[in-house]
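Here the chain labels run A, B and C in written order, and each chain numbers its own residues starting at 1.
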Amino acid sequence: MKKNRRGNYFEDFHVGMRIRHATPRTLTEGDRSLYIGLTGSRAALCTAHTNARQLGFERQPLEDLLAFNTAFGKTVPDISLNAVANLGYAEVRFLSHVYPGDTLSVESEVIGLKENASRRSGVVYVRSTARNQHGREVLGWVRWVMVHKRDPEAPCGEPVVPATQPVVTVEHLRASDYTARVREITAMTCIDDLWEDYAVGERIDHPGAMTINDSDHSIATRLYQNTARAHFDGHAVAAGGGKRLVYGGHVISVCRALAYDGLENGLSILAINAGSHVNPTYAGDTIACATRVLDKIDLGHGHVGALRLRMIGAKNACAASIVFPEPGEGRAAHPSNVVLDLDYTIAIPQR
Amino acid sequence: MKKNRRGNYFEDFHVGMRIRHATPRTLTEGDRSLYIGLTGSRAALCTAHTNARQLGFERQPLEDLLAFNTAFGKTVPDISLNAVANLGYAEVRFLSHVYPGDTLSVESEVIGLKENASRRSGVVYVRSTARNQHGREVLGWVRWVMVHKRDPEAPCGEPVVPATQPVVTVEHLRASDYTARVREITAMTCIDDLWEDYAVGERIDHPGAMTINDSDHSIATRLYQNTARAHFDGHAVAAGGGKRLVYGGHVISVCRALAYDGLENGLSILAINAGSHVNPTYAGDTIACATRVLDKIDLGHGHVGALRLRMIGAKNACAASIVFPEPGEGRAAHPSNVVLDLDYTIAIPQR
Amino acid sequence: MKKNRRGNYFEDFHVGMRIRHATPRTLTEGDRSLYIGLTGSRAALCTAHTNARQLGFERQPLEDLLAFNTAFGKTVPDISLNAVANLGYAEVRFLSHVYPGDTLSVESEVIGLKENASRRSGVVYVRSTARNQHGREVLGWVRWVMVHKRDPEAPCGEPVVPATQPVVTVEHLRASDYTARVREITAMTCIDDLWEDYAVGERIDHPGAMTINDSDHSIATRLYQNTARAHFDGHAVAAGGGKRLVYGGHVISVCRALAYDGLENGLSILAINAGSHVNPTYAGDTIACATRVLDKIDLGHGHVGALRLRMIGAKNACAASIVFPEPGEGRAAHPSNVVLDLDYTIAIPQR
């Protein structure tokens, strides 16, 4: 009758394994308030009922990353409780807005496994899917994470490394929720820049910066019911000579909130094409970020276009000092104060 | 016209005194969000509307300990503003679920008084009752607390020490809310252990651990409108050579949230039979906990049974290191890093 | 295509300039929960639906200062992003209660400008107005703030210093929401003191004190979507030899919550006549406060009267040690541990 739940170790996974994660979660206006309090989010569509109505929505959707972080948190007890590090994301698709009262249920499938040369750990690749209470897929993503082995000697099969798309392709970019009314956003943000006003290669240094406090990231991570030990167990991490790690999803949320200034008329995130937590963030670090426009995608929609953006977050430095390495140069191209390198796509009204 | 409210001192109480506490409080979904953010609670019944429906409830009740801590907080300005220490709980009965929108009103009766030999303080025993907006009793409990005397010379009557029951008896264990549908909980938690799968004497080491930050416990304690000075007035406690104390009810909530792993299919708390904050908790402490099954109670209900559990919380140690002393050995039996010894009873579905 | 939003500098303002602030904001029960968690507010009218009904309200309004701080926060990106210091408030009128679901839109007009002798900064005077979704003015205020110049050499016009009223006059004190039922408040607070029980000159030392943690003020300030750099960017302020400043509006909220004890039957704030953040507050400071009754105003309403109060907040000292300087002596009259000097007016039932 041993009920000491220790989570899965590398050798517990097999390719094709499907995992239903506990338990479904209903998100509410209370979660939105906390999300704003923890991140400073100011997204127009999510800040006022009247904004949402004026933009052609019946109701005010929840912040994209509140939904994503909640769905992600659900996978932690099964996938990454024994993680060494979360290595990357790909194919993150925001398929439908999530509204207060919606309930998210999350499942994952193991799509790849690769033992490390040391035989002490390995990389687990999973594809996860979040559905709402109507069974509609609202979020899907791939991530890969380095997970400890329970027993270094445990045999592992041949490595399987899945192919992932470098960019979420146009047919997966949700745009059906938008009507001509989205152009009204300029009346809310008092900023006129729309899709046409951004240029490929343009750089934006976001003026704000945010010091992350211990309770900020702890409350955020608990709100997502994310139980990863590295964020919470200060005693254990201190015994190992370390400090509690800030959950990477909180860093993304903070950077996204800072990126409001300069991207005010962005409506929603459509996709995260690739993401990497380049270096760890700790409480007390101050985060700043800068954005480069990687691409402009005309969705043929008539009312909204997409901007593909690269957002780099750095700690204890100003946005202007951030350097954008060539794409594909990887982690080594970044100085040690870079904490986030995120390639994502947003919807923004066209003229 | 002096309006300097200083709270009651030991000599201000008399046995039989009844106190209505200010003011009624409405709990909402916003309070639930904050409760999850502060504690990491994952109770299936309280995490999703869809879970509650599937389990046979019309709506999603609030977390038991959110209701308890709120009701408890109401009593502080009258009972324990001048407390030295909260000594213990007994007969804590969770008589009815509390739902968002419900309003709690709390009253207390002084049922015992015992001056200390030093004459500088005494123990006040109170029985408190929380009712919802329909006048229905939702919570009842006895606690005893050591309270300063204003004047050591003030005369006090003969000591009255009330008899309290060592265990909340079966007839006070609420089970009427549960139907056969509660067995569906295994589909949410993805864990199969039900009442039959626990054995008397069985021990569960809960895998998580939680570092408590200053803001975590401050926000929680303010959320409960608990005004006890020891939690908030860092200047005064530092002047006395001390540190702000973490509210004991927050420690119970954190331990209960950690105890999810291993007790996933627990539905609700039915009773706290006895509880003691064995040593103080301070911000920065990391809490871990372990549970021993004290008893299995067949309620004759057909769908749910009760588990009587002893949960011991310790700081800056792992769950596996926690020692369960013999019942009744009291505080002295615990090492100095034990912060909580709680004897409580939960409802869990039967096969 | 430069989109590096740097906010307005002193020379960017001109008298008569009107600014619509981004974006409207809907307040909810979730924001109330967080407000209670961050401040410990216990205002009877705002603590329970049943209280509000019993007091003659259809619904439970939001805390006055939650609405004020939210409206204030909206003005920051345009008015005070480059502020040196927020110098003062006047004519703050609370014209209508704000309810969960209400949306606030905020506009400002520049009513005065005065360059400093150093030519490196100047004082900007603005009158701001918050309206709800029905276009009804719910809040109005004047504030003046010292703002950096981008270029010390930039020419500035003749100084314009607007006349402000020293006290919000009776005709602007909202009382129409109150009926005879407000007297029922004594049944909630269990305190009998009404308008008649306060005397001009009377002093109240509020018994509580509150240590402000880093996350407390950070979460509060983000909740208000206030982006002022001095509160958030620990890296930049440390580079300048400083520490992150606690947002002054949070200090007002904390003092107001502490002032519950002794002013329990206050219904709502009607006005802030004058306010000054005398010295900075930092995380770790413990705030206490005391109140002196400046005036009693019979509104001729029959059910509620007004109390004009002076509340002084100090850090790391007990309420009893606070000294009330003569009115009009200004900042220099205060010792360095005084952080707030607020002259405000509340509604309270009459017998």
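The working rule: contacts are C-beta pairs under 8 Å (C-beta built on N, C-alpha and C of every residue); 3 or more make two chains touch, one makes a residue touch a chain.
Remember, it's a predicted structure, so these values are computed and weren't measured experimentally.
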| item | value |
| --- | --- |
| Chain contact topology (line, ring, star, complete or other) | complete |
| Chain A onto chain C, rotation angle from CA fit, given as a multiple of 5 degrees | 120 |
| Separation of mean Cα positions, chain B and chain A [Å, integer] | 36 |
| Residue list for chain B, restricted to those that touch at least two other chains | 28-31, 33-34, 213-215, 219 |
| Chain A - residues contacting chain B, complex | 1, 3-7, 20-26, 28-31, 33-34, 77, 81, 101, 103, 133, 213-215, 218-220, 222-223, 225, 227, 229, 232-236, 244 |
| Residues of chain A defined as touching chain C within the complex | 28-34, 36-40, 42, 44, 47-51, 60, 188-191, 193, 197-199, 202, 204-205, 207-211, 213-216, 219, 261-264, 284, 286, 288, 316-318 |
